[in-house]
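In the two assemblies presented below, chain A is common to both, partnered first by chain B and then by chain C.
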Partner chain A sequence: MTKLSFHHSDGSIDVVETDSETSIMRAAVTNGVRGIVGECGGQAMCATCHVYVRPEYLGGLPGIGDDEDEMLDCTADPRDDVRSRLGCQIKLGTGFDELEVDVPGSQV
Partner chain B sequence: MTIGGGLNEPRDVLGVAVWALLNHPQQLAQVVADPALFPLTFEEAVRWVAPIGMYPRETTKSTVLDGIQLPRGAHLGVVIGAANRDPKVFADPESFNINREKKPHLAFGGGNHFCAGTWVARASVAGVALPDLFRELPGLRLDPERPAVDAGWVFRGMTDLPVTWDSNSASQLSI
Partner chain C sequence: MDDRMNFSTNAPAHHVVVVGNGQAGIQLIDSLRTEGYSGRVTLLGEETHFPYQRPPLSKDYMAAGSTPEALPLRAEKFFPENDVDSRLGVRVTAIDRAARTVTLDDGSTVAYSTLVLATGAANRSLSVPGSTLAGVHGLRTLADAEAVHARLGDVGAVVVIGAGFIGLEFAAAARQRGIAVTVLEFADRPMGRTLSPALSRYFVGAHERMGVTLRLGEGIASFTGNAGRVTSVESTTGTSYPADLVLVGIGVVPRTDLAAASGLAVENGITVDSSLRTADPNVFAIGDCANYPSHHAGTRTRLESVQNATDQARHAAKAILGRSGSYAQLPWFWSQQGALKLQIAGLVQSGDTTVLRGDPATDKFSVFSFRGGRLAAVESVNKPGDHMAARRLLDQGRSVSPEQAADLGFDVKSYSKAQ
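Up next, the complex of A and B:
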């Protein structure tokens, strides 16, 4: 079971708990989390699944691939050199069982 | 697809964006004063007139889509031209308005076949063609004698866009 917390800029939090080994983007979209769009369906081609990972959770994440790195330069809200990730490139069930992210104000 | 997509759709969005701006002098003044608004102009142009208005799909299994039962093997036409003007999503959807609330649109499709050329199109049309055109052709305006024509359904764009501009400037082009 993975617990994901999506913090919105208005202070509200969406919590998603799932057994599925899907991506953060897919978990968010399937559960109707606002502010995660996922236009390209998870191919690292649209940058509309951008999240800022809270620092205390950065350690458990897989590294940033070349495609993700390039696409992170195209985010609607500014890239954070340390915390920005594409939600579609992080699979659940890989090295963490809890994750908290801040959802950017805009994705398009 | 790469060749067709590389040429037709960027051409169509360019024509539509020029036509829309020339018909909306206030928005034109806004982007000429602030070229950083060309990307917004581009996104609004592809939303307003999706260069690919419809693409085909076939269901691989029976499913229910928005309450409609679809059998396996059904042939579907996905009309993104209509989706991009959905009044439940976009306020005043029929208007071209670069200042509208930013929302995701479907002009590049969605999911596995999301347009592979999205960023090429954004860079070439919003980053190069549109700013260059309005810089190089001062006083660009619609020809009052001959109406512009937009046409097409599956592929939609300008089939006729007669324009004039002031030639007594330093940067003359011969076309």
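Up next, the complex of A and C:
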């Protein structure tokens, strides 16, 4: 079971618990977390599932691929060189059982 | 639109009825509520399945393993939270524009103040002998994808009819599973309706390297079966190809019957103006089914893409609320074929001059298309940075020179970000 916390800019938090090997984007879209769009269906094509991973969780994440790296330069809200990731590229159930991210103000 | 209309549009008694719960219809509802619309909303969808995203169906969905779950377009709670009366498995049989009602297949009627047609498109079907044999599949809906995925575990040879996006995405996915794949394409190049000739040429080689047998200039003549199930495909050149499964991907036709029967103009889609409204001020059409005056095409056009569906939905939502303006969003597209990520910004047209940026042999490059000396479109393979730079430039009506496009020392990404 992975516990995912989505922190919104107004201070509210969406908590999603999932036991499937899904992505952050899919978990967010399936559970109606606002601010995560996932318009391309999870193929690193649209950069609308941008999240800022909280620093304490960065160590457990997979590396950033070339495609993700390039798309992160094109997010609607500014990229954070350390914390920005695409939610579709981070699969749950590997390397961590808890994750907290901040949701950008805009994705489109 | 004057203030009085604006007021009445947002009055509680106003009722927006959306026909079609695909990417366009659902984004429209989302945008209406985000923009502050407080009237009634009814969403009518034909499929019984909860609304889902189609793009993965011809790609990730076809990977080996157990049947994947579809990716929903929104969470289930989206509909109650946004006070949307979402009805699944409901077909609209008629529109009465004078009475402002739609008739459903159970005989009931629903009254609307504003009607949005987001009816999408249907797969073009084949009428050659044997087309109805078992094992001959189309691929559009989740039901289609489930049927194909269920068979892929025990097929040796697949024939794909049509080298468009769907056909080639599926071909690449099948090759990744070790299945022998032959693609028949009647035209002389793959994805010819969308891509520049230069990029079509690259994809011919790329699919050959994936192990796909791509037969150009060769159409389908007939299917042969045994006990009702397809066993081979005969092409227009008289060649026979063994097939345990056939995937037909020969394009789509916009679903315009309802609009046409109600007297609305239809010509390759439902005719709308630059605000995406039909000649009836109470009826809009968006997405795959809409034919609109395109700023980027320089003529009327109809596009089949997620971007077109969602951006038109956002625009129409504002137009319904009286915030008019011309729809002028930049068209962009993508396709995933095996390890190749294809992204297109803008619309390629015949007669464009093209400039290569990067080396196709590295499978990371872009083709920049120029029209009248200005940048018109950029096709990228595994170069998302070029794609996003191109979207920024084209969106702002900016250009680069052909020399800059060809020069890898010219940082197109930084240039696109500088104002």
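What we mean here is this: the second predicted complex is superposed on the first by the 108 of 108 C-alpha atoms of A that agree within 3 Å, B and C clash if a C-alpha of one lies under 4 Å from a C-alpha of the other, contacts with A are read in each partner's own complex, and residues count from 1 in each chain.
Note that contacts are C-beta pairs under 8 Å (C-beta built on N, C-alpha and C of every residue); 3 or more make two chains touch, one makes a residue touch a chain.
Because the structure is a prediction, the values reported are computed rather than measured.
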Touched partner set for A:Val82, first chain B, second chain C, both or neither: neither
First, second, both or neither for A:Asn31, with chain B first and chain C second: second
Partner chain in contact with A:Val15 - chain B first, chain C second, else both or neither: neither
Which of chain B and chain C A:Gln43 touches, first, second, both or neither: both
Touched partner set for A:Asp73, first chain B, second chain C, both or neither: second
Of chain B and chain C, the chain that contacts the larger number of chain A residues: C
Touching partner for A:Met1 - first (chain B), second (chain C), both, neither: neither
Which superposed partner A:Gln107 touches (first chain B, second chain C, both, neither): first
Shared chain A surface residues [contacts with chain B and with chain C]: 39-41, 43, 45-46, 74
Of chain C, residues touching chain A in the complex: 53, 55-56, 59-60, 71-72, 74-78, 81, 306, 310, 334, 336, 341, 343, 382-385, 388, 391-392, 413
Interface residues, chain B side, partner chain A - complex: 43, 102-104, 108, 110-112, 114, 116, 118-119
Touching residues on chain A, where the partner in the complex is chain B: 37, 39-41, 43, 45-46, 48, 74, 76, 106-108
Interfacial residue positions of chain A with respect to chain C in the complex: 26, 29-33, 38-47, 66-67, 70-71, 73-74
